[in-house]
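Chain naming follows the written order as A, B and C, and within any one chain the residues start at number 1.
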Amino acid sequence: MVPLTWYLIVAAALFCIGTFGALARRNAVGVLMGVELMLNAVNINLVAFWRYINVGQMTGQLFAIFVITVAAAEAAVGLALIIAIYRQRRTVNVEEIDTMKG
Amino acid sequence: MDYVLDFFVNLGRSWTTWLGTFLPEWGVTIINYLVGGIILVLMPVIATLTLTWMERKVIGRIQNRLGPNRVGPWGIFQAIADAVKMLIKEDIIPDAADRPVFNLAPILIAGAAALVWAVMPFGKGVIGVDLNVGVLYLVAVGSITTVSVIMAGWGSNNKFALIGAFRGVAQLLSYEVPMILSIATVVLLAGSMSTMRIVEAQQIPFIFVLPVAFIAYFLASAAEVGRAPFDLLEADSEIVAGYFIEYSGLKFGWFYIAEYGNLFAVSAITATLFLGGWRGPFSHQAPVLGPLYFIIKTVLVVFVMMWIRGTWPRFRIDQMLGFAWKVLVPASLANLLWVAIVLKIALPTIVQWALMLGGNLLILVIAAGMLGRAAKRHAEQRNLAPLSSGAA
Amino acid sequence: MQQVMFIVISAVTLISGALVVTTRSLFRSALWLVLAFFGIAGLFVLLNAEFLAVAQILIYVGAISILIIFAIMLSRGVMDPETRRFNDQWGVVAGFTAVLLVLLVAILTRVQWPLAAGAVPADAIQRLGADFVGPYVIPFEVASVLLVAAMIGAIIIAREREN
């Protein structure tokens, strides 16, 4: 059996990679991909905890399914926004979309 | 005699015990997996070789001509001739193409066509791996095809390929929904997602209980594979071979293998879900007949698909998408709802099935009526001749 | 044997994740994202959550990745030399995430997790379905409303304006 901490370490590493992508990428779609990686890392955590701590109840998997659902909805709306912004401003560079900057 | 009656399972057991005499446990497992994998990967290749010949003969006969008959008796070596021709063609790669993506797309799509065969129930106990989410796995593998279509379209660096890929993905995604809905209906009825158990739950083939689900699944999977009348993507007169326009030689061969492998696979799934899989007369006493019945039913479904290809005209892209979303999805949803309601009423199974069949026929009549009226209205709008003029 | 598979699959996942955030060409990084999703599905299979693995492939690879690829293609600049990947603060971000990683690993290796060895219930999928319409029916219904709202919203936002 693989110890629980190995799964948690993989999930933590993936989360940090996703954070780096979300904070450091220039392109808006790249930022979104980082966010998706973060959500997937959370899913790994949830399912690992389900498997190793409370297999009898399906709460862990259920929660992971909800996370996937919300991630899908958020990806759809986010990408629609990116497409609309591109049509308006001809750019998806997050540094150039700054009309609200003080 | 008993050995022959359950031939395939007994053969597998004898092989495993023979291997176990001189190999450690893990060696036997690895060799078994390898052999199983090779057999399953060969399925799309065998399907391509035989189905291309069958298609050309069937379509030829429908069009009142003979089809290939020079290369071997009845032209059965035509497929090998085609394969050799394809192999010796020059492999051209466009200059500005994205090389790894361009090269990877045909491999992925052929791989997806091969992966499907892992959960096909050929006979009682003759299955690659009996996943308890078997049918969902089938749909998920189909989505790998979608990604590789985009990769092919992008990697070719060609506007026609890109447009063809977009349309292809729109078609594939739209028709996944009625496909999943009709599979969900069958899963509700059988009580399990495992393909093995779905076959075992079919006391009578489900086509007699859920004809709407059968029609919806048949048409949706024809669209998933890209067969006529949904072959807008690869029709030469429409988009010049669509997303695999820039592929030549063996890479095009992989697309070809993937297409016919997918055709065989969706026919096999239709046979499993709706026609009773490996069940047939005497299949309980002699399980060795199981794979034979399975192959016969699959070839029957393939024949019907080829028949449709030879007879029906092609859909336009907006007609195709409209058909998926406006006809198949509501019908499948209504079917699913009705089956779920009927299953909750505590009645003997036969009565439940009769109720479901009645509901299905009602859905068919309503759908046909609405489609007929829409067609008449459309014809009147465009001042076409009314349909009843021929009978007068 | 299981440990070997775990190491291979998590290596694939982490390496493709790293490539997602560092590749210059956006389309290639979308493809690496697809590979990362497959790796995560493999991890789910190792954790005996097969339904979730198949659902992950179906939803993430089959739909979300395609959505991302479409958005990439629809938002490419006309003159598109591959511009710089990272914005000006990438050094700070790299340092921060490295510290975060070290902190997380340090914490989770020191916690005494209340491990409970158990077997996966045989009717796991039936239980999952029963939970959806039983104790967790409200989040289920709210999720369906959310999906409809997201669908309508996305269609309206991304529609072509006919001026």
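Keep this in mind: a residue touches a chain if its C-beta (ideal position, glycine included) is under 8 Å from a C-beta of that chain, and two chains touch if they have at least 3 such contacts.
This structure is a prediction, so every number in the text was calculated from the model and none was measured.
The touch graph of these protein chains is an open line.
Each of A-C and B-C has its own count of C-beta contacts, and the greater count is at A-C. Centroid to centroid, with C-alpha atoms defining each point, subunit A and subunit B lie 34 Å apart.
Computed centre separation for the pair subunit A/subunit C is 6 angstrom, with centres defined by C-alpha atoms. The geometric centre of subunit B is 29 Å away from that of subunit C, both derived from CA atoms. Shown for subunit A are the residues that touch two or more other chains, of which there are none.
Residue positions of subunit C touching 2 or more other chains: 51, 55, 63, 70. Looking at subunit B, no residue sits in touch with two or more other chains.
Within the complex formed with subunit A, the residues of subunit C that make contact are 2-3, 6, 10, 13-14, 17-18, 20-21, 26, 29-30, 33, 36-37, 40, 43-44, 46-49, 51-52, 55-56, 59-60, 63-64, 67-68, 70-72, 74-75, 77, 83-90, 93-94, 96-98, 100-101, 104-105, 108-109, 113-116, 118-121, 124, 127-128, 131-132, 136, 139, 143, 146-147, 149-151, 153-155, 157-158, 160-161.
Taken together, the subunit C residues at the contact with subunit B in this complex read 1, 25, 27-28, 31, 34, 50-51, 54-55, 57-58, 61-63, 65-66, 69-70, 73, 125.
Partner subunit C is touched in their complex by these residues of subunit B: 26, 98, 101, 131-133, 136-137, 139-140, 142-144, 146-147, 150-151, 154, 162, 166, 169, 173, 176, 193.
Per the touch definition, subunit A reaches subunit C in the complex via residues 1-2, 4-10, 12-21, 23-30, 32-34, 36-37, 40, 43-44, 47-48, 50-59, 61-62, 64-66, 68-77, 79-84, 86-87, 90-95.
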